[in-house]
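Note that chain A is present in both complexes that follow, paired respectively with chain B and with chain C.
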Partner chain A sequence: MISGLPPGLILIAGAVAIPFVGPTIRKGLVLALPVLTLALIWGTGIDAGTVWSAPFMGYAVSPVRYAPTGMLFATVFSIMAFGGALFALRSARPSEMAAAFLYAGSAIGVVFAGDLITLFVFWEIMAIGSTMVVWNGSSDAARRAGLRYALIHFFGGIVLMIGLIGHIEATGSITFDVMQADAWPRWLILAGFLINAGAWPLSSWIPDAYPEASPAGMVFLSAFTTKTAVFVLLVGFPGTQALIYVGLFMIFYGIIYALLENDMRRILAYSIVNQVGFMVVGIGIGTEMALNGAAAHAFAHIIYKGLLLMSAGSVLYMTGKRKCSDLGGLFQSMPITATCGIIGALAISAFPLTSGFISKSMINQSAADQHMMVVWLLLTAASAGVFLHAGIKFPWFVFFQKDSGLRPPDPPWNMRAAMIFFAALCLLIGVFPQPLYALLPAPVAFVPYTGAHVVGQLQLLLFSGLAFFLLLPLMKRTLTVSLDVDWLYRRAAPAVIAWIARDLRELSDGVLGGTRAQVGSIIDSMAHYHGPAGLLARTLPTGRTVFWVLVILAAFLVFNFS
Partner chain B sequence: MIAQFPALQVVIPLLGAPLCIILRRGALPWLIALLVSWAALAMAATLLSQVADGEIISYALGGWLAPLGIEYRIDTLNAFMLLLVAGTSSAVLPFAYKSVAKEIPQDRHYLFYSGFLLMLTGLLGMAITGDAFNVFVFIEISSLSSYAMIAMGRDRRALSAAFTYLVMGTVGATFFLIGVGLIYAVTGTLNMADLAERLPPLYQSRTVLAAFAFISVGILLKLALFPLHLWLPNAYTYAPSVVTAFLAATATKVAIYLLLRFGYTVFGAEFVFNIVPASEVLLTLALAGVIIASFVAIFQSDVKRLLAYSSVAQIGYIILGISYANVTGLTASIVHIFNHAVTKGALFLVMGCVAYAAGACRLESFAGLGKRMPLTMAAFVIAGLSLIGVPLTAGFISKWYLVLGAMEKGWWPVAAVILATSLLAAVYVWRVVEIAYFRDAPADAPPLSDPPLALLVPTWVLTGACVYFGIETSLSLGFAEQAAIQLMGGG
Partner chain C sequence: MEKHWLVRPKTIRLLWIVMLGVLAVTVLLQLGIEIHGEFHIDETFGFGAWYGLGTCAVMVIGAKILGAVIKRKDTYYD
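Then we have the complex of A and B:
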């Protein structure tokens, strides 16, 4: 019986229990439940197929479907829930921990869904859970960001639901399987999935909402929503060409905005968009190796991004500061945090011997194998860009650079333990990729450690590293004046950029301000008619109400006799 | 004994009412009402299980056979409505004990419970009878008692609300009676099954067309379809908490049942949708109601009133499903009658809890309630999610079928409106949640805590039902579908 239990329910049940148990039991519970989930995923001996189906809403839904891709994602989600819980063990309030477990559990529910209805159910619960995580940032900014986040996901849910019902109505089937984006219901489903993946133009919710969560909250948030979206795209829309362009756009959007950003956790939030872009491109290419690459990259990404956010979260937790310009020199007093942060940064840059290298190279290689020259070139250029914005920029400005004078110690033991655990995973996967490759949906013939791959990647990283330090003044926006040829790039270029940026800002402010005023006046006039004393809501004299009855009666009579 | 259940279903509550007046001491009237209601629930459940396989029970009252005598005719839809009405009263009456004690002077308690039983009698009677004139009698029983119940509200404005409702309700009932009179004049019968056979040859008759107009407007007034809803917000806002919960869950729903019964059984789908443009009229009014009432709800400053306008919007959804004129739409409407009754019942009981503890349901008095009344507000959040239609709550089931029905018709803009207006529901539920959880109570606020278990348990029973019927759908959806097929099949 236990073997048919939906694995996600363990964490969801935990979420219900967490607010009602004492602190000691809670700590045991949050660490034990993800392990239990992992045991249920792998310990039952089931490796493929629908375990059972049940009647729901007049359909036969199958809440538990074992399939390699789903099991891969569920595995990394469980690891993430464990690591996140360990990191959050002492700092998170019960409500935050409960929200995070509801969120993680429903994400696991999505990847085990055998049909579209189960998928949608867990999809929506996931939106609720993640919104609650954002709100537990418990600042006014978190409240507002959480509301915007909720509205976008509610909207995404509507798009997805119309698409799903249209699809089910047209085909009569609720099975969740490969779909072709060939008619509007499928287009809407694809759009609904992409909204959760953070695709442009609705990608701003990631850097908007995630950094407002608590240090531990953002660790959870980074893992689940976008990666379940990657999962459903992987299963539902492999080889959809549009995804290549969407993904490329996300990649460069993420890089450019991350380079312009000063808040360390917002840098990492933009980098989520960028990394998910790589996966989306892989799904769009759609060959076996590309899909393997996307899945492996999702696995690796969840862990190193979690690690980076734990590192950033530790800094925020110990210093209370989040801006790069306020930080620096922290490696002296926070050696463990710095080391783990650097390992995460190397992994996200796909440095050989880290997890990022063995996963991302599969996507790049598959583009080359398909002779997609432009895509391959852009992906390669973007790899350099990743190293710039996340690989060097984050650790350099936070842990090195100028000395900010801050001397916080490393964070409490549980945070250190979580970071060391994840750092070790990054390295282990990088050095011994075979266990991860064995989990991938298709057999892997790819060998990451060939001379050409390693040398090529090292050259790329080396040169972009060089570029970073050469352009460091630009990166810092230093204002030294020296009239020389370098003025062109030290002064004129930033000035031109600033000038353009200001114009852009004015433009956007103007448009936004205009819209805001418009919206304001619309709301005012709505309140005028709909408010308690408005035309549509005030208490009318009895005679007037009877008048309306007569109007309707007359209308009925006229219609009936015409 | 079981064979007499159709009659006992109505007679027992009817006899319970005077009994409450005779045995008026202490808690006795409450106990009588509770036992009567539970007995009615048991009988309704038995009747539903008897018709579950599609059978139709015909019961000749007093041994006088139809069409001369009054026939009680029970198919799936009737039994489903009986279960809904008796189930709601059985869930709110345990709540009533403490709530009524707080809101209504001790010396009127026996009148309250007596009136409550009359209201129950009227609603059960409307749902069970197969005789058009008998329907009018029960409308009057339930309406007159509900005017009195609303007028018992603490606020003085309850009186004027009850008066408006009285005028409107009487107009509605009179229209209905005029319509019934007209069809009696041309057919010579009042029995619904008999009417269904005699009306088709008369479809082009002006009398029948006029009769249909009067009956529809009369019923639409009782079920508060926009713009005939004007009596509803004040009535719900100022009535005692228990009365609001019971009326919101049942009174308008039974009126919707009448619309279905007269539309599909008496006049026939052919007449309603092909000869008379009922589909277009209902669609227009329903959409207008859904959109406008949702916006009005957003701007309300009294939470009970906010929920009242939300009810007007939800009635719009139900009528919308009817306007599709297909089985899926009809199923959606019937299942939403049930799911919305459960949801709104739970929400208005939460209002009862807040009124019990804080004395008022103004929006600002919710500040800090998330911390101070955690169990009450948790119930509000869950029932609120059901109102929005989040998966795993009852509201989601209705929303799914409403959209599915619209898609079957190819009316995808309607589907978009349904989902977009659920966003409006999210906004008005959010306004309450935001104040309850994110705004601190003023420093001088008196200490508050969750109300006693006598109030919390019934509230949570209905809240739990919101989730239960969102997961286990064979009862609600199964019977709704069967009823829809029976209605469409001309049964």
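Then we have the complex of A and C:
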């Protein structure tokens, strides 16, 4: 019977319970439930390939499908829920923790979905949960950003739903499996998936909404939405060539915008787009190694990006500041936060001995194996760019550069423990990659630690570091934001609507005003002639009436006599 | 207040020297390691070094040029 229980429901049930229990039980609950979820994924002895189905509205839905890729993603989602809960243990309000667990549970629901209906239901619950996490940022900016976030995601949901209906109508099948982007329903499904992945042109919701969440909220947000999108692309559209170009655009978009950005958490948000871009390219290349690389990179990314956002969140929590121009020199009083942030930065940069090195290399290598020289050269340049925009820029401007004079201590024990746990995972996965490789969907023949690979990567990264310090004057922080596609719906669309509304008002005023005047003039003229004092309403004297009656009668007689 | 040892000019100068030394070592290491690239360009000497330095310069300058067009005050949307 337990095989029929979707593992995601454990966290969703937790989300329902969290607001109704006391603080002590709540703390125990949020740490225990992710572990219980992991136990349900791995500890029940259920083999990959097991599917549990039930009839629903004439279809056989499969809310539970044990498959290697889904189990890999559910594992890292559970680890993330645990680490995020530990980090948020003392700072998050019950409503925020509940929203985060609803969000995490529904993400696990998506990766265990064996059919498109189940997938869609959990997909939409995820949108609701994540919007609530943004709103728990509790500022006016968070409220507005959350609304924009919700609009984008519900728009994406509609696109996906139309595609799914078209696909199910055409094929009669609701099974979630490999699809070909060969007709409009599948194009819409692909578009719906890509919206959640943060693909351009709808990328800006990530740097717009995520940094407005609370310090702990953004840790959760960084993990689930974009990575479930990677999961569904991995299962649904492997080898779709267009994804290579979509992914490359995301990669360089993320680098350039992060280089221009001043807000430390927005830098990391742009960097999510950049990193998901690598995964999307891997899915587009579509070979076994590339798909393994995309899956491994998603796993590694969730942990090191969570770590980076814990580090940035700790700084925000302790200083109340998030702009690089206000920060600097914090390594002196926040050594644990700085060290963990640097480990996260090295991991995202794919430094040898960190998790990024053993995952991203597979994607780059698969491009080389397929003789895609331009793609490989771009991915290599992008690897250098990652070190530039996140690997050095984030720790340098937050923990070093100038002395801001701020001397906050490291954050409370639970936040430090969460950071140390994730930093240890980044290093352990980097040094001992085999356990992660064993979880990947296909057997791994890749050997990351060869002399040539290590030396080549060290050259690339260290000379990128040199470029950073040589070009530092060009990267002086400014109090600016960068215009993005969201300008269209944040500025242009409201301006157009205001303009149309103003013209409509003038038009309506004109029409209504004219009618009123015309109606008024008709009424006035009627009143003039027919009103009490009107000419035609005057009561004529009887004598004159008799006279006129006589005239008429006389005329009648004269005409009739003749 | 005395500056932290890590940010004193003397330490920074030392860090630059160490960093340049490490950079030189990473390039020289290639003398002892045979590189089997998939393309000719990745077999050139110090490929990672010159390619990393060059592409980063292009990205930083490209971002600077784009920034001149798309940057606005951070109160723009308020």
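Note that the second predicted complex is superposed on the first by the 473 of 562 C-alpha atoms of A that agree within 3 Å, B and C clash if a C-alpha of one lies under 4 Å from a C-alpha of the other, contacts with A are read in each partner's own complex, and residues count from 1 in each chain.
Methods note: a contact is a pair of C-beta atoms (placed from the backbone, for glycine too) under 8 Å apart; a residue touches a chain by one contact, two chains touch by 3 or more.
As the structure is a prediction and not an experimental result, all values here were calculated from the model.
Asks: Examine A:Ile165 and indicate which partner it touches, taking first as chain B and second as chain C; both and neither are also allowed.
Replies: Touch status of A:Ile165: first partner only.
Asks: One more residue to check, A:Ile420. First (chain B), second (chain C), both or neither?
Replies: neither
Asks: Can A:Leu353 be said to touch chain B (first), chain C (second), both, or neither?
Replies: A:Leu353 sits against neither chain B nor chain C.
Asks: Can A:Val35 be said to touch chain B (first), chain C (second), both, or neither?
Replies: It touches nothing on chain B or chain C.
Asks: Touch check for A:Ser464: first (chain B), second (chain C), both, or neither?
Replies: second
Asks: So in the superposed three-chain picture, is A:Ile255 touching just chain B, just chain C, both, or none of them (first/second/both/neither)?
Replies: It touches chain C, and chain B stays clear.
Asks: Examine A:Leu5 and indicate which partner it touches, taking first as chain B and second as chain C; both and neither are also allowed.
Replies: A:Leu5: touches no partner chain.
Asks: So chain A touches chain B in one structure and chain C in the other; where do those two contact lists coincide?
Replies: Of chain A, no residue contacts chain B in one complex and chain C in the other.
Asks: Using the touch definition up top, name the residues of chain B that touch chain A in the complex.
Replies: 163-164, 167-168, 171-172, 175, 206, 209-210, 212-214, 216-217, 220-221, 227-228, 230-231, 233-234, 276-277, 281, 292, 295-296, 298-302, 305, 309, 385, 390-392, 397, 400-401, 403-404, 407-408, 412, 415-416, 419-420, 422-423, 426, 430, 434, 438, 471, 473-474, 477, 481
Asks: Help me check something: in the complex, which residues belonging to chain A touch chain B?
Replies: 55-58, 120-121, 124-125, 128, 143, 147, 150-151, 154-155, 158, 161-162, 165-166, 168-169, 526-527, 530-532, 534, 536-537, 539-540, 542, 544-546, 548-549, 552-553, 555-557, 559-561
Asks: Could you pull out which chain A residues touch chain C in their complex?
Replies: 252, 255-256, 259-260, 262-263, 323, 329, 331-332, 368-369, 371, 373, 376-377, 380-381, 384-385, 388, 400, 403, 451-452, 455-468, 471, 474-475, 478-484, 490-491
Asks: Mind listing the chain C positions that touch chain A in their complex?
Replies: Touch residues, chain C against chain A: 4, 6-7, 19, 22-23, 26-27, 29-30, 33-39, 41-42, 46-53, 55-64, 66-67, 70-74, 76-77.
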